[in-house]
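Chain lettering (A, B and C) follows the sequence in which the chains are written, and residue indices restart at 1 in each chain.
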């Protein structure tokens, strides 16, 4: 989509220095930019290369903004954020026309909202409801009574178990499985066999959540598994039954949650973190990659980083690593 | 399904104290129970809340059973197990009527057993055989000559490679991949290229196994990969070629097995455990989350817990963790 | 496929000792061999069992080759490599006849090469191109403008995002997701919300790459994610945006790459390794299972093995493990 730099500046909340009528039609990195592209500079040392690259305009921060430049500038408080927002209006992927593809299976009891896109080979279960302007990608299997909100983007080959509920503007990448049975058994001490504990709860995903490719999120056993508003989950993450994830939580790839874990708002987790059942991660805690949190453990401290297995404050853990290295050198 | 408490008690092997004719039609947690629900109490301190909640009846253990109560009681030796068994008759999900959906692709050479359910868009390969009362969910791709036993539940979008064999009552969750090629190559020292070692063995899964969402289990290279009866595998677990898993093994999410590993019966593994090729885990061993077992390593000891990388007896490992913490504090 | 041992020897570059006209029609392990099979011996102590098993012929190395034997021998410099190559002509799976299955959705703008196989329920996007003799398995969702080279094998239920490019002879196993959005957000400090950074780059996979079941490889954010020629990626591996993987790299299962990592040629990684963003792994480095490489870290040393978190030279790490064990024993 083509826009003048002035229009973009108005959209992202910035001001133009130079020619406000210059047109931009895409975003790019400095290394890959072509004419018509908008680029951004966070680090002042990249300003020179940005001005020299073929891009048509550059987003810069207030402090870095020169009085005049060889290119039109969009000056914003937070240039990377402005760039992300500009991309949303410039790179709006050409969506296909709305409607239900003839190869999709949509029972009479299912509801498809206005301007929704139901792609090839989608299967909707009885009573499923897809909100307005949402897209359900090719090959998705949407179980009975699943409710998907408005403006959602469900990529191809996602599987959603019956009764799962998604809010608005939720993005789910290919291969993700939502609402599968949790991992719970009761052992019969006489026969030695494991019998399945009922996994009949639900999964609720709030607005503005994004879920990565091949991630799996289990339904509650008897209760509800919940993913809070604005939380972002990377590829191949596992979320067990009854887990409660807060709002604006960031979870990098391949991290795994056992059952009944509570994660408060604004937590940030690296990749491959593992958490035992009933662990509790307090607001704003940060967990380094590959950390391990023991069952029932409570971690607290806004902005405090934890690392290692069992996870401890990162300064403490680094001291241990250093002490061990010294000890090994001694011999 | 509605049943009298007497019928439920007869099914799970317990006895009723109070009104045996009270009807129950579902199970729930104490926190979420409504009239008509059956709840259970393992910890005596929950007996009060259970009797006060809206549930219609309560399962309690022998020792905790009061002589009389405000609610009908089902007294059982192992209340949680009785609850799990009660759930099976009370929560029998309304299955759809048996039959082959017209959008499924079923070649003439495939066999579909009596009362089996072949859902939308399933593709069966030549010579595939689906046992009586088994369900193959929407979008599953079942390769040539795959044999699935009776009463199996294959959730949507599962992929099963040719020749794989599943026993009876096997559950496979969405996105799982069964019988894929193992990871084996031979390097040509002259060109530096890796050439594929043949991955032409088979995968056999015995009765009563459950396999989690997006788990992957590779076929044998030249031999057979085997998952023993009653073993339960959580989401995103990886099982390499030629692995032999015993009976009643519990494997939590994101654990990974390299090739040719042997795991004996009754082993319990936490999440994110990694095992090197040709490792051997003896009967009844327990492995803590994120443990690492080196290639060719043998772990033995019924009921012994191992932890850490490389995995060692947990007491030993905890001593090391404590010694390191002391050492770091000294400076 | 039946071949004389002479034909096989000519194909793999070896010579026959004994009856060169003996026919072989498959490969097997010594333990599972039947008449008609070809087996191989790497370790001299297996020569006896190989000669006694029912196989029709045995591949042996130059040094182990007896002057005469009870069975026809194929003598090769590298017997396991010869075996792998023999398997390719002996075990050529009966491919189905080429063509587009009537249940596949192929738009007019898509191109399907000569003798390609487009299986049941495949969905090709506008402008997608499938090379000659390539197979796209049942249920695959291939996005708009995806280009797949010649002789590729895409197993069922793979999802490929728009614009992704695959070279020739690429194998992709079931459930893999190629070209999904990377995990990148910009936080709005005022609202506390994470806004999506554009993920509009591309994914390019070069010739002879193999990708395991349920692996996920993200597209570049603004640039290109690249998987070099001959690289082999195991099941459930995660590759983040902008990662550059060199040629002939081996990556075992469940390893994860954050964004913008560079891996040079001939690197070998164990399973469950985790690498932080902008890490750089130099040519020929080896990384033990479960290692962790910190963000921005550079590892160098052809043939040097690293292990642990943070990864260090394996000798150093083993010294630390030993020192810690001694320390713990002291008390």
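Quick note on the criterion: contacts are C-beta pairs under 8 Å (C-beta built on N, C-alpha and C of every residue); 3 or more make two chains touch, one makes a residue touch a chain.
What you are looking at is a predicted structure, and each value in this text was computed from that prediction instead of being measured.
In this structure chain A contacts its sequence twin chain C using mostly different residue numbers, the overlap staying below half.
For the pair chain B and chain C, the CA-based superposition corresponds to a rotation of 120 degrees in steps of 5. With each centre defined as the average position of its C-alpha atoms, the distance from chain A to chain C rounds to 28 Å.
Multi-chain contact residues of chain A, defined as those touching 2 or more other chains: 121, 139, 157, 175, 214, 236, 254, 272, 290, 324, 327.
Those residues of chain C that touch chain B in the complex are listed here as 27-29, 31-32, 78, 80-81, 83-85, 87-88, 91, 101, 103, 119-121, 137-139, 155-157, 171, 173-175, 208, 210, 212-214, 230, 232, 234-236, 248, 250, 252-254, 266, 270-272, 289-290, 321, 324-325, 327-328, 330-331.
The residues of chain C lying in touch with chain A in their complex are 105, 121, 123, 139, 141, 143, 157, 159, 161, 175, 177, 180-181, 183, 185-189, 192-198, 200, 214, 216, 218, 221-223, 236, 238, 240, 254, 256, 258, 272, 274, 276, 290, 292, 309-310, 316, 319-320, 322-324, 327.
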